[in-house]
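Listed below are the structures to be examined.
First chain A sits with chain B, and in the next complex the same chain sits with chain C.
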Partner chain A sequence: MPDTAPQPRVLLTKSFIDSHDRAIATIALALRDAAMEVVLIDYEQPEDVVTVALQEDVDIIGLSFMSGGQVETTQKIVAELQRREVPDLPVVVGGVIRPFDVAPLEAVGVREIFRGGAPLTDVVATFDRLARAYRSHV
Partner chain B sequence: MISADTKPEESPYALWQQTVSARYKDRSFVARNRSGVEVDPVYGGLDRHGNEAEMPGQYPYTRGIYPIHYQFQPWMDLQIIGFGLPSQTRERMDLLLEQGGSKGYFDREAYNFIFDMPTSMGYDPDHPGVRGSIGDCGISVCKARDYEILLDGKDLAKTTVSMVLNAGSPAMLGLYLAAAKRRGFAFDKLGGNLTNYIWDFFGHSGGTNFSPRGSYRLIADIAAYCAEHVPLWNPLTISEHNICEAGATNVQAVAYSIAAIIAVNEECVKLGIDPDTVVPRFGFHVRYGENFFEEVAKTRALRRVYAKVNRERFGCKKSGSLQARIHAQTAGSLLTAQQPLNNLVRNAYGALAAVLSGANGMTINAYDEALGLPTEEAVTLSLRTSQIIAEETGAVHVSDPFGGSYYVEALTDEIERRVFEIIADIDDRGGLIACIESGWIKQQVSAAAYQWRQEIESGARTMVGVNKYTTDEPEQFAVFQPDPEAARLAIADVERHRRERDATRCAAALEDLRRAAVEVNEGRAIGSVMANLVAAAEADATLGEMQAILHEVFGRNK
Partner chain C sequence: MTGTRAGSDAASLLKAVRDRDPLAIARAITAIENRTAVGTELAVAVRGRASRCRTLGVTGPPGAGKSSLINALLPELLPRYRRVAILTVDPSSPISGGAVLGDRVRMAAHSANPDVFIRSLAARGHLGGVTRTTRSVMDLLAAADMDLVIVETVGTGQSEVEVANLTDVKIVVCAPGLGDEMQAMKAGVLEIADLLVVNKADLPDAARTATHLTAMLHHRGHEERRSMLSVSTQTRDGLKALGDAIDDRFAGLPAGPPDAAAGGGISRSTLAQDVADAAAALLLGTSDPRLTTIVEHMSQGKLSRHEGAKAALELLTDLDGPSEARIYS
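Our next item is the complex of A and B:
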């Protein structure tokens, strides 16, 4: 029987002041090649991410950090997810994630952390798994 | 190329000898190697077509822009520096100086400042969207007073200040010049460099940059102002490096860089500025990455194409307009979080390629940059890498040592051919600005980046420690932790600054800036935006306040 489940919808995003977009643009192409629907935006305020996620009805959010803001921004986005009553919408983080960032990111419930060199196949599989699991429970 | 009737004294080699003896008198640049063999500073011979080959310092400058290069003037080491508050960066500057770094040309001290992302994009630390990034990955600077701390006690007439930033560039130069003026330095003694990456066609920095058209107008304004008032200042660096780092191939990056020069020159011509008055102060920032010989050949091709385009397309006559000055940087995108010490080796090969290409300045990345901000140990090792190449390897004894290599000469010609093909394609598509606006350039770069990544995934391209020779053992490395207090202090400082300044004077200066911006945007009074940025900064306007006006008038990137 053909798989008729709709493809996962993904929001990929980074701060408007972070100019390093090679990684996030590459991930976007890889997810699209895997037939996912990808929305790619820059945000000015962390809270904007949640607004777009709800408008676009996505199943997962991927945040890229190449130049700071890793913990503080993620905390704000997760808090906004709770305030808007979508606390289970999965969040994954990628980029320059330093050892001292890991514990606070895990503490707010980030599902996965990808650093440079992470195989694209793993990244794609993780997005697919988390997005489908989220959709099957909402 | 010499024809059959060229007189021997007009051959490239003879002309080179005449230039060298006129310029350096009797000084000898012959070196002696370990075995006592004397090596000449440059070797000549026949080119691929059987004619006597071009020599370094001769049009079209394939072999370098000076007849004698490192033997007379070593490259300038410009390690990237900057984090936290100006006072914190100043401590790191003093360390580098103590270690023998920060050496500019002609006994000047030289600093290559990088700013945190808010500053780089032209936002003050109290802008609501930038929390979490203040002082992280660069210095937080938003007012002229910050330069008085950063450069306290320095003789600015003997200090070269390089500023690496994006959309915040024009206002940043205003802050620096205002600080210099307050301390009584004449503008014609100030040397330095502004990257001025205010537009970006390779994906980079989306909506915080200026619109492509507004960018080129601003670049012309700054260049015209500097040519008249700050003649030693380099107001534009075309970043081949950043285009490569965004994922473009070497050929694409060189072609897009030259296309950017064409667009700037066309804007100048349109505004009635003679390119020969501004082009000699333009330069390039070039990446040295994974393919050793390709890096050398692309540098030689870049110099040649630049000379030809400026002479043949724009009628430039000054030799300075035809000589591409190159600041080299090793490839950040090749730094791996896995087995990070491997990056020391990658950086050393990249730096060696830059030296063998005849680059004029050098930034060697720190090996631990994939892990976080560089540690002091890593920064020192980058400097030592440069010092080992300069003072131990003998690589500096002969200019353009690959000149005449069958391989490198053929590759240089091939890169030149492909670069001119892309430039013709861009011309056919209506020029660079049209190609940025249509998204074509961005698509080309993203496609190249994705292809590179797929080659890593498939194993067609090897990255040691990432997709081959991997280890599972967890590695512990010291990672630099920025000061979390920096953000709070920077915000408190700018708030105090706003309270204590002469608000009436500042508002009037900002209003003058707005009027100048409108005029320049309409094609009049070119140079007056930069003049009014200096005046506004002197009146204690902040980076973000000046930027808001420029954004409003010149438009933001979409």
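Our next item is the complex of A and C:
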């Protein structure tokens, strides 16, 4: 499909130590099928996520957690976004998000939380909306 | 926000690129890839890359191990070329236009290194293994003071050879077990190589693949400029030799800007490619009813595909408006 209008660029990522990749692959394919360009990485350090997001000039970051680190890792990534002067780059979180994770995740400014069973159309629509809103004002 | 700090007009963006600001480099690449007004201005401003910047093309079939090879080769290359940029191209979906860009998954170990800049590009319908604007992106990276730019193509078939016109030294990565002597003899991607690399040398079939390729190289005797190396990213065997071979090839290049002799690498075939791109954009973007008629007549068999294409070409001059006299003055 040559020469369509530029579509959102998305970074989807999980820890390299977490081998549960079914969820992130499902989301990646859904976003691809919605015409987005999806960069995938497994990060070693949370700060690496921001380095990659800057190099790839993405419009949104999606973090997948299937084991631990939901709050701590997200806080580190958000802090690094502020340090690198891109505090507005939207971050969404998905996977195994426990009830007690929600308040601290919202406190650091996570825009959306997706759990297992979230309808893919909603997920895609949210990525699209947040990405386009970000791109329109940078 | 860095975008604001770097400015969004071409001049201030270019200044930030020359100051090596990673986000400015990334935004500039986006602008060039999206062919915005700013991107076009930037592409013109950086055209004709600095002679210092070396360029290396890495191509080969899907799954040959191109990304893993680059990842494993970086520790060899970084001491010799201090700042390295890598462009990795993956295909766009022919259905949706989206893409999954997964090459840098293999390069995670280098994410934190400030001397390594990696950018994933989607081919966006462009054939040939690279993107339509890869040359301009390479020039931009040279302007950002990169010492080496590596271009990893889409996993190619037999004839995606555009990277040959873009890079100083070309590596074609071959995986063991993908073919016999007949495959090695065919025209195409193997011909553009400076270095043929049999990857996964730890696998049992690797020696046979290496033999087929060596036999093909012997066919031309002393005329042959290509060399063949076996490497394994698993055992790291052969990686140092490959690093040395790349150095030797760069050392053998004529001094001065690499493209100077070839007029910036622009030729009739470049123009033909650009014309095809421009024609496709015009045809896909128009609502001219005559085009619908042509397509209908073709599908009904009233026009052959060749006749339809010629009819569409005639239509194109109408769609694009009259050309300006200044082009030829």
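Heads up, the rule we're going with is that the second predicted complex is superposed on the first by the 133 of 138 C-alpha atoms of A that agree within 3 Å, B and C clash if a C-alpha of one lies under 4 Å from a C-alpha of the other, contacts with A are read in each partner's own complex, and residues count from 1 in each chain.
The criterion applied here is as follows: a contact is a pair of C-beta atoms (placed from the backbone, for glycine too) under 8 Å apart; a residue touches a chain by one contact, two chains touch by 3 or more.
Source: prediction; values computed, not measured.
By the touch criterion stated above, A:86 is placed in contact with chain C alone, chain B being left untouched. Of the two partner chains placed around the shared chain by superposition, chain C is the only one that A:7 touches, whereas chain B remains out of contact. Looking at the shared chain after the overlay, A:35 reaches chain C, while chain B stays out of its contact range. Using the contact criterion defined above for the overlaid structures, shared-chain residue A:57 touches chain C, although it does not reach chain B. Once chain A of one complex is fitted onto chain A of the other, the partner contacts of A:45 extend to both chain B and chain C. When the two complexes are overlaid on their common chain A, residue A:26 makes contact with chain B while staying clear of chain C.
In the overlay built on the shared chain, the residue A:119 is in contact with chain B alone; chain C does not reach it. Residue overlap on chain A between the chain B contacts of one complex and the chain C contacts of the other covers 16, 29, 42-45.
Chain A meets chain B in the complex at residues 15-22, 25-26, 29-30, 42-45, 67-73, 96, 98-100, 115-117, 119-121. Remark: chain C residues 1-5, 8, 22-23, 25-27, 29-30, 33-34, 92-102, 104-105, 108-109, 111-112, 117-120, 122, 124-126, 277, 280-281, 284-285 touch chain A in the complex.
On the chain A side of its complex with chain C, the touching residues are 1-4, 6-7, 9, 16, 28-29, 31-45, 47-48, 51-52, 54-57, 84-88, 138.
Against chain A, the residues of chain B that register as touching in their complex are 116-118, 120-121, 123, 128-134, 136-138, 166, 200, 203-208, 245-247, 333, 335-338, 370-372, 446, 449-450, 453-454, 457, 463, 466-467, 479, 481-482.
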